[in-house]
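Shared between the two complexes below is subunit A, which pairs with subunit B and subunit C, respectively.
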Partner chain A sequence: MTASQIYEVFLKADGKSEFRHVGALGAADNEMALLLARECYCRRAEGEQIWVVRRDDISSADSSETAPNRNKSHRHNDGKLVAEHRRQLREGS
Partner chain B sequence: MRTWDDLDEFQAFLDDGGMVEADDDMPEEYRHEVFRFIEFHANSELMGGLTERDWIPHSPGLRLKQIFLAKTQDEIGHAHLLYMVAADMGVKTRDEMMNDLLAGETRFHNVFHYRAETWADQIAIAFLVDAAAFASQRAVFAKCTYGPYKRILRRIVGEEGFHMRHGEEMLLKMASGSQVQRDLFQAALERWWWPAVQLFGPDSPPDDPLLKWYIKSERNEVLRHAYVQKYVPLLQGYGFTVPDDGLRQDPDTGEWMMSEIDWAPLKATFSNAGPDSARRLANAVRNHAESAWFRESIGVSA
Partner chain C sequence: MTLTSIDDGAREYLLALADDEHMMGSHLAWWIGIAPFLEEDLSLCSIAQDELGHAIAVYELLVDDVDHLALRRQPSEYRSCSFVETALPQWEDTLIRHWLYDVGEQIRWNALVDSSVRELSSIAQRALAEESFHRSHSTLLLRRSLSGSEEARQRLVSSMESLLPQSMTMWSPVAGEVDALAGGVTSLSSGDAETAYSEAVQADLNEWGISLNWAPTSAPHNDRVARVEGFDEFHASLNLVLDLDPDTEW
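Let's turn to the complex of A and B:
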């Protein structure tokens, strides 16, 4: 008996849409995972293509690693200063 | 993996719109309560799917047979995904959950403790019970803080929507059929109205942890009241009588007010002592034994 493993399931709807995470399932191997993904997540053709990935094979970073990048104002520009300058030019003040 | 120092910090995370994932170090209280809730939901989908299955051979006509096949497949698919999400919480394995259900040690929805006597009962179930389940699941989906459950609920709620529409279409055919058909549905309505209303459960306790943790987004009594407001006029519009002598409309607000609910039938289902509990469980035990060869062949379970 093979132990069941958790797979994360991604579906790509059609044409230009991206693969989206839709959920997970338990299966013994990749082939069974694809079969169950078709039966559990795609009964009404919600996806044109399916990816299944063993959760153990996913490397992840959480907010403790991504949070420092929330505070990098020099990587954004809201354009407010220039917009205000142009508005004043338009209004001739 | 995220951790929280104490329940207050965890609560602040949830209050702030945080979503818990399977590998987070969630508080044990949360893990156990959410697990119990999902296990109950999974059991209910499985028991519901088995009763749908029983009616496939009796469905009148090819299209209805196809619909009931699809519904059965949906319910069993929901159970499969929910058991996976529940097992992933590390409280019980899938086999332990299955054994507990079949031994009568865990619960499933009250509506699956009653017998569907005629085809009209199946329509009453599709129209009334599926709608009650839909309303209650949608309210869980709304704010659900457990990510794996919320993702599965998105699918479940979507598919229950199809079941409800099938249910109302079947009801429309009965209502516009012969007197015999209308009488058949009226009789079924009398069997299923109260179980459907009771599916929402008794009033939520004031300190319900499931509300505090945003597994439930709304109190039981609020969902039940909204359901009655919607289904009383719908049933009357189709020409049927809601089986409640005390039903009245508030002259000022126009709200429908029911008689006092007798909760004894609901409580009986909690201990698997409903009118059809024993037969349903025996049916599930038999099904589990008969399908063992399949689980073995795909190598997932004994």
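Let's turn to the complex of A and C:
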């Protein structure tokens, strides 16, 4: 038997909800992974659809690659600055 | 809901099916926490729950007090076959019995889909939906395991050689079968079921490239009234907690 590989498991509930990661499991192949995912993560019908993805097939970026995007408060615009600016313009006119 | 419309023969027939499910479910549940790997632990226990659920559904057609029927009978009053009564502490034996039993179970439930007992027909339809998963589980796992190391394959094949002849006791005719057939409760005699079973098992063996020196032998006729060695201990283990306080309301 192929050595057990780690799979990440995603479930999608009904409706418009997205697939969400729910955990991982070990399985010999894709078919077994789907079968075991059904029992390990969906035995109480927590999802309507299942994805399993071999962990080795996932491309990942660690914190050193995401670090440059820290402290960029201007990308967290909540609209307050713009609202304040418009209020001042209104009151000044 | 307890049925009053079925005769004693059909009751005996259904009791044999429910007792087989009960024994299988209970033996599979024994692996909780100790199956070889966690994913399989969960899957097997899920299947055990399904089998116990099937047993309960049929017991409920027969009596009001399901717990009493399931657990408090004398060993001689059970109608399970010896194949499902035996304790199998080796994982490969459990896997092989799981495969063989579910091949047979699918045939048995299929024969009840058009039952004259409407409630039984609906239980059969639900059971079959679950059985398709049980079959996938056992055959996928077996196929993968058989293609593993030579030792794994040898152990599995050796287990098949030992358990396959025993599995024929599933088709030991039960008293009442004639009545169950005549009343349309089931549509398949144990003889015809045995033939269908042998063909289905052989088809799986062919797919896996396994050649066994195995010829289907007729099931013994008195198997369901005798209990296997060790049954009393197993029965006692099922009653262990209940015996602590028999009057408890669960």
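In this text, the second predicted complex is superposed on the first by the 72 of 93 C-alpha atoms of A that agree within 3 Å, B and C clash if a C-alpha of one lies under 4 Å from a C-alpha of the other, contacts with A are read in each partner's own complex, and residues count from 1 in each chain.
FYI, contacts are C-beta pairs under 8 Å (C-beta built on N, C-alpha and C of every residue); 3 or more make two chains touch, one makes a residue touch a chain.
None of these values were measured; they are calculated from a predicted model.
Judged by the touch definition given at the top, the superposed model places A:62 against subunit B, while subunit C stays out of reach. When the shared chain is aligned, subunit B and subunit C each come close enough to touch A:39.
More residues of subunit A are touched by B (comparison of subunit B with subunit C). In the superposition on chain A, contact of A:6 is made with subunit B only, not with subunit C. Contacts of A:27 after superposition: both subunit B and subunit C are touched. Residues common to the contacts of subunit A with subunit B and with subunit C across the two structures: 1-2, 4, 25-29, 32, 36, 39-40, 43. Residues of subunit A touching subunit B in their complex: 1-2, 4, 6, 21-29, 32, 36, 39-41, 43, 62-63. Interface residues of subunit A, counted against subunit C in their complex, comprise 1-2, 4, 25-29, 31-32, 35-36, 38-40, 43.
Subunit B contributes residues 1-2, 22, 70, 73-74, 77, 80-81, 84-85, 87-88, 94, 148, 151-152, 154-155, 296, 298-302 to its touches with subunit A in the complex. Across the complex, subunit C meets subunit A through its residues 37-40, 42-43, 46, 133, 136-137, 140-141, 144-145, 147-149, 152.
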